[in-house]
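Structures given as structure tokens follow.
Consider the two complexes below, in which chain A is the common component and chain B and chain C are the respective partners.
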Partner chain A sequence: MNKRSHSIAFWAGVAVFLVAVLAMTQIVRNEYPFFAGYVILQFIALAVAWSILGGYAGYVNFGTNAFFGVGVYTAVSLFKATGAPLVVQIAVAGLIGMLLGFAVGLLTLRMRGIFFSIATIALAIIIETCVMNWRFVGGAAGIQLQRPPVMAPFDSYVKMLFFVQAVLAVIAVVISRYIQNSRIGRGLQALRDDELAAECTGVPTLKLKLVACMISGALISAAGAPAAMYLQYADPSSAFNLNYSVSALAMALIGGTAHWIGPVLGAILLGSTQQLLAVTISSEVNVLVLGIMLVLFVVGAPKGIIGLLRPRYRLRAGGKP
Partner chain B sequence: MDLLLGAVVLGVLLGCFYAAVSVGLSVSFGLLDVPHVAHPAFLVLASYGVYQLNESYDIDPLLAGLIITPLFFLFGLLAYRVYYETFERRGSDAGVRGIAFFFGIAFIIEVLIIMQFGVDQRSVTATYIGKSWRFGEFRIPIRQLVAFAVALGLTVLLAVYLSKTFMGRAIRAVAQDEEALRLMGANPVRIKQFAFGIATAVLGIAGALLIIVAPVEPTLDRAYIGRTFCVVVMAGLGSISGTLIAAIILGVAESIVLTMFGASWAPAISFAMLLGVLAVRPQGLLGR
Partner chain C sequence: MKRRTFLGGAMAAAVAGRATGALAQQPPIKIGMSMPQTGGLAGGGKASLLGIEIWRDDINAKGGLLGRKVELIVYDDKSSASETPAIYSKLVDVDKVDLLFAPYATVPTAPIMPFVKQRGLLLMGNFSFQVNSKVGHDMWFNNAPWGPADSWASSFIDLAQKAGGKNMALLAADQEFAQNLALTARDVAKKRNLPVVFDQSYPPNTVEFASIIRALKATKPDIVYVASYPPDSAGILRAVNEIGIGDDVKVFGGGMVGLQFAAVMSNLGSLLNGVVNYNTWLPEQSMYHAGTKEFFEVYTKRAVEAKVDPLGYYLAPYGYATGQMIEAAVNATKSLDQKGLAKYLRENEHKTIVGPIVFAADGEWKESATVQAQFRGVVDKDVEQFRKPGKQVILYPDKLKTGTLISPFEAARK
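What follows is the complex of A and B.
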């Protein structure tokens, strides 16, 4: 297929997906699929957003939980202070995530490899500690939230959140796909392969890293904003849980980071496995599965699921052969 | 004023303990460049090993730590072999995937501990746990003094080993110039593997100290990722004497914040210091 028909197929797929999601909220009566589906969609958004910096640029961000938690608490504080509607909460969370991404970028992007990763963990813990000492949003004990009345055409709040999260996941995918095919994506891949060489050939590496960090941060925070309403509860140790960081990274690496579809596949595979296990066995096993899959894929399939599929389907991958 | 002095004294004791839990990482990350984020997970695992020996056979925690040390040495040899074969030899992307790999390992260890021991805190019993010495105004728990003495001994021993013995010098040489060592007919991979074994073996004793100082829980390793990396980076990669100094600085800082501002601000101290060091002086206080 050429580029143009690729594009048409992609947008058609997006439209079909959103229509299907909307139809599902109208037809399906049982609420459970929406609870489970929400979590999977949330992970798709997180993994895709993580991959913009971690996959394309090779900067391993372990502070996904910081951006996620900032999204959660932006929504909580806005809701508590002004009763702002969900859309406003998400938009402001995205904006603050972007600002945080800019700050993180300025502070850390001259660091390479593990120093960058450790610095992002550090930021997450520092922000979490500040939220823990912030009385207005409940401090370490957390805060209970009452959901506002649901809007038409949805008949329950969870169905609405499910649809909203689907839209957020689609936005993340669209942005990630755009970046991959644009000059930004090629620049990021160049600096990922050899930062010094990229700098020497005129790629504005610092600017590109800042842009990637801001976009990735905005998307993660936006995806985190509805979480408080989903759980009707927020507390620092779950909003800033390190599991979000490792999940996002594991899903992206398991799916493969050379193409935007990789994180989506990884999130669907790992997310649905975890939902299944959480129901049938326990949440501890989730973390175990996460760890084992991460290790197995990193060791056995360094290019992830798309790396395994590519010989057969010849997925068009940007960057390395 | 007395309160502050007490905080400083306890901080120094705490700092030496931090040196003992970080000194292995100073070898594996500082000298060998392995992004070993599972180091604290191995530490907590060692504590649970000590707990098990103490609980079932009533063995003194320090002795128990000594008993599991050879086991951890073998564990370290194996872990490095796997790491070398999968990442270093292939070359590409070792950094990114290496970190992910060790995070995976840390998560697996956490869950295995939870499945075996549950999420409750565990502690050990020994004659020196629970008592304290009074020095006029303030009290010093004897468990802290024991941990301090053993930690200091352990760190000094490792520093002497790395600077005085043939193998220790070989390890430092391999960290500086692997290629030169290869040309001289030595096998750098063997030396690195041995060094990683030592770095892991130290955790046997360090794990005993961890559970002597305070009760442990399965996810305690997350708190120690910050502390250990803070110490190693602040020390300047691979500097063992720097490790001791950096650890004491961290211990005193934590202890003072704890006394002045309360426990809720303490978790962020090590990370804030780490960020400061990374931003201002990335080569560490005593950097190469």
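What follows is the complex of A and C.
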């Protein structure tokens, strides 16, 4: 397929997916698929967003939970202060996530590799501590929220959130795909392979890193914002749970970071497995699964699922063909 | 996690030879819940679940409910708020359970309150703190002896004021439960014009408390109210042991989580002496009711195989009591109709192994039965000592009282 037919297939796929999701909310009456599906879609958005910085640029961000928590608490504070509708909560959360991403991007001026990763963990702890002491949003004790009435054409709030999260996941994928195929993506890949060499050949590395951080941060925070209304409750230890960071990273790595489809596949595989295990076999096994899958993929398929499926991506991901 | 099956209970019923024909023919009554079995709340969650499982086995040995076997469907919520909405939707929409129990603790319970209200479902609470105050669900019954929100702090402050306390220091962990306690303590102090001379929160996972205790000591408080979590409770008591707390302190403790669990108690040993702290059940004469002794005989044996808290005083008997309340309500109404069961639970007094229970309109216990007890004569490295009466003397409430306060704190520590 040439580039143009690729593009047509992609947009057709997006349209079919969104129509299917909307149809599902109108047809399926049992609410459990929406509760479970929401979580999987949320992880798709998180993994794809994480991959923009962590995959394309190679800057491993352990602070996904910081951005996610900022999204949740932006929604909580807006809703409590002004009763803002969901779409405003998500938009503002995205904006604040973008500003936070800008700040994190500035960190990359001085920190690379493991030092950058540690700094992002510290960022999560600092923000969580601040929220714990912010009484307006309940502090450490948490806060309960009452959902406003649901909007047509949906008959339940969870179905609406499911659709909204599907839209957010699609936005994340569209942006990630655009970046991958654009000058930004090529620049990011150049700086991932050798930042100094990229700088010397005229790649504007700082600008690119800032852009990647801001976009990734905005998408993660936006994906976190609906969680406030999904849970109707927020507490710092759940909102800033390290599990979000570990899962987003594991999903992107298992799926493969060389192509936008990698994190999507990883999130679907791991997210569904986690949801399934939570309601089937023992809890201890459930906790083990993520670790075991990560180890298996690191050893057996270092380029992730897409590396196994399409050998040419191994080359793009920096490996040998 | 686990979908528990009931071979044990069915076999017990078969051995007892009662009504097994009917049990085998009808579908079981399914009771669904999530329970923290991994994560920070797992220790409590597992002990609580064992209490509920002992009730299930007892009821099945007696022939079940309405002639049907009782089955528990339990999933692990990993101690997290984000897991429970999907789990409860699965229980209701896919597993089609007949009744719902809430998970142990406030954080996993809070997100399911709006869900059960919207669906009009009965929910038996399990040691949550004020999760229904904003939601206002009239089919919520929290089986925890907290009672009215401020009774917790007021019982401790009452004791301290009677012992001559004129001002208070407040030390609380930056975590959900501790902050709720601190909030009510501040309110009670304000109502009584009790000056708060020290009010500090510390981040979770703090391990070194020497500087905080020095700062607290410098303010010369009469009452020290501590709302802490298990690791910090141990750290605070160790710091107090090293530095001392001053002769002014009449009463020390109040809301220290962890001092109810066998592992923490045996680890701290004699450092516990003198501390006045909350508890929910203690092996004191006043706390035994019909069936309590038998329950603990079974629990003590099963706790070893289940690898849960060997004492199990804090949560396990309440798990059993929740089952007893459901048993009474189903037998009285002869149905599983949620509204009918809720009406029965709201309007009657329930006799359980943790004593009689009456619910207030908000679904909390009408009267607080949270005890404040003082540790006495505790020696190091001996779990078995806590099974004997006299190691934790009950000072509050009056109807359960088994001794009087020794004050000041430094005198009580000896």
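Convention: the second predicted complex is superposed on the first by the 303 of 321 C-alpha atoms of A that agree within 3 Å, B and C clash if a C-alpha of one lies under 4 Å from a C-alpha of the other, contacts with A are read in each partner's own complex, and residues count from 1 in each chain.
Going forward, a contact is a pair of C-beta atoms (placed from the backbone, for glycine too) under 8 Å apart; a residue touches a chain by one contact, two chains touch by 3 or more.
What you see is a predicted model, and the numbers here were worked out from it, not measured in a lab.
Colleague: So if we stack both complexes on chain A, do chain B and chain C clash, or do they fit?
Modeller: clash
Colleague: Please work out whether A:Gly142 is in contact with chain B alone, chain C alone, both, or neither, and reply first, second, both or neither.
Modeller: second
Colleague: May I ask you to decide whether A:Val299 touches chain B, chain C, both, or neither, giving the answer as first, second, both or neither?
Modeller: Only chain B; A:Val299 stays clear of chain C.
Colleague: Please indicate which partner A:Ser7 is in contact with in the superposed arrangement: first for chain B, second for chain C, both, or neither.
Modeller: It touches nothing on chain B or chain C.
Colleague: Is A:Phe115 touching the first partner chain B, the second partner chain C, both, or neither of them?
Modeller: Touch partner of A:Phe115: chain B, not chain C.
Colleague: Touch check for A:Leu288: first (chain B), second (chain C), both, or neither?
Modeller: Once the two structures are laid over each other on A, A:Leu288 reaches chain B alone.
Colleague: Who does A:Ile126 touch here: chain B (first), chain C (second), both, or neither?
Modeller: first
Colleague: After the superposition on A, what does A:Gln275 contact: first (chain B), second (chain C), both or neither?
Modeller: After superposition on chain A, A:Gln275 lies in contact with chain C alone.
Colleague: Is A:Val60 in contact with chain B, with chain C, with both, or with neither (first, second, both, neither)?
Modeller: first
Colleague: Could you say whether A:Val246 touches chain B, chain C, both of them, or neither, answering first, second, both or neither?
Modeller: So A:Val246 only meets chain B here.
Colleague: Given 135-143, 225-233 or 243-251, which part of chain B has C-alpha atoms clashing with chain C after the fit on chain A?
Modeller: The answer is stretch 135-143.
Colleague: Going by the contact definition given at the top, which residues of chain A touch chain B in one complex and chain C in the other?
Modeller: On chain A, the overlap between the chain B and chain C contacts is residues 129, 132-133, 140, 284, 287.
Colleague: Can you check the complex and tell me which residues of chain B touch chain A?
Modeller: Chain B reaches chain A through residues 29, 35, 37, 82, 86, 90, 92-93, 95-97, 99-101, 103-108, 110-112, 114-115, 222, 225-226, 229, 233, 264-265, 267-268, 271-272, 274-275, 278-279, 282.
Colleague: Can you list the chain C residues touching chain A in their complex?
Modeller: Interface residues on the chain C side: 1-3, 37-38, 75-76, 78, 80-83, 85-87, 89-90, 93-94, 106-107, 110-111, 113-114, 131, 134-135, 173-176, 178-180, 183, 201, 203-204.
Colleague: Within their complex, state which residues of chain A touch chain C.
Modeller: Touching chain C from chain A are residues 30-32, 34-36, 38-39, 129, 132-133, 139-142, 144, 146-147, 158, 227, 230-233, 235, 237-238, 241, 243, 275, 278-284, 286-287.
Colleague: What part of chain A is in contact with chain B in the complex they form?
Modeller: Of all residues in chain A, those touching chain B are 54, 58, 60, 62, 107-108, 111, 113-115, 117-119, 121-123, 125-126, 128-130, 132-133, 140, 242, 246, 249-250, 253, 284-285, 287-288, 290-292, 294-295, 298-299, 302.
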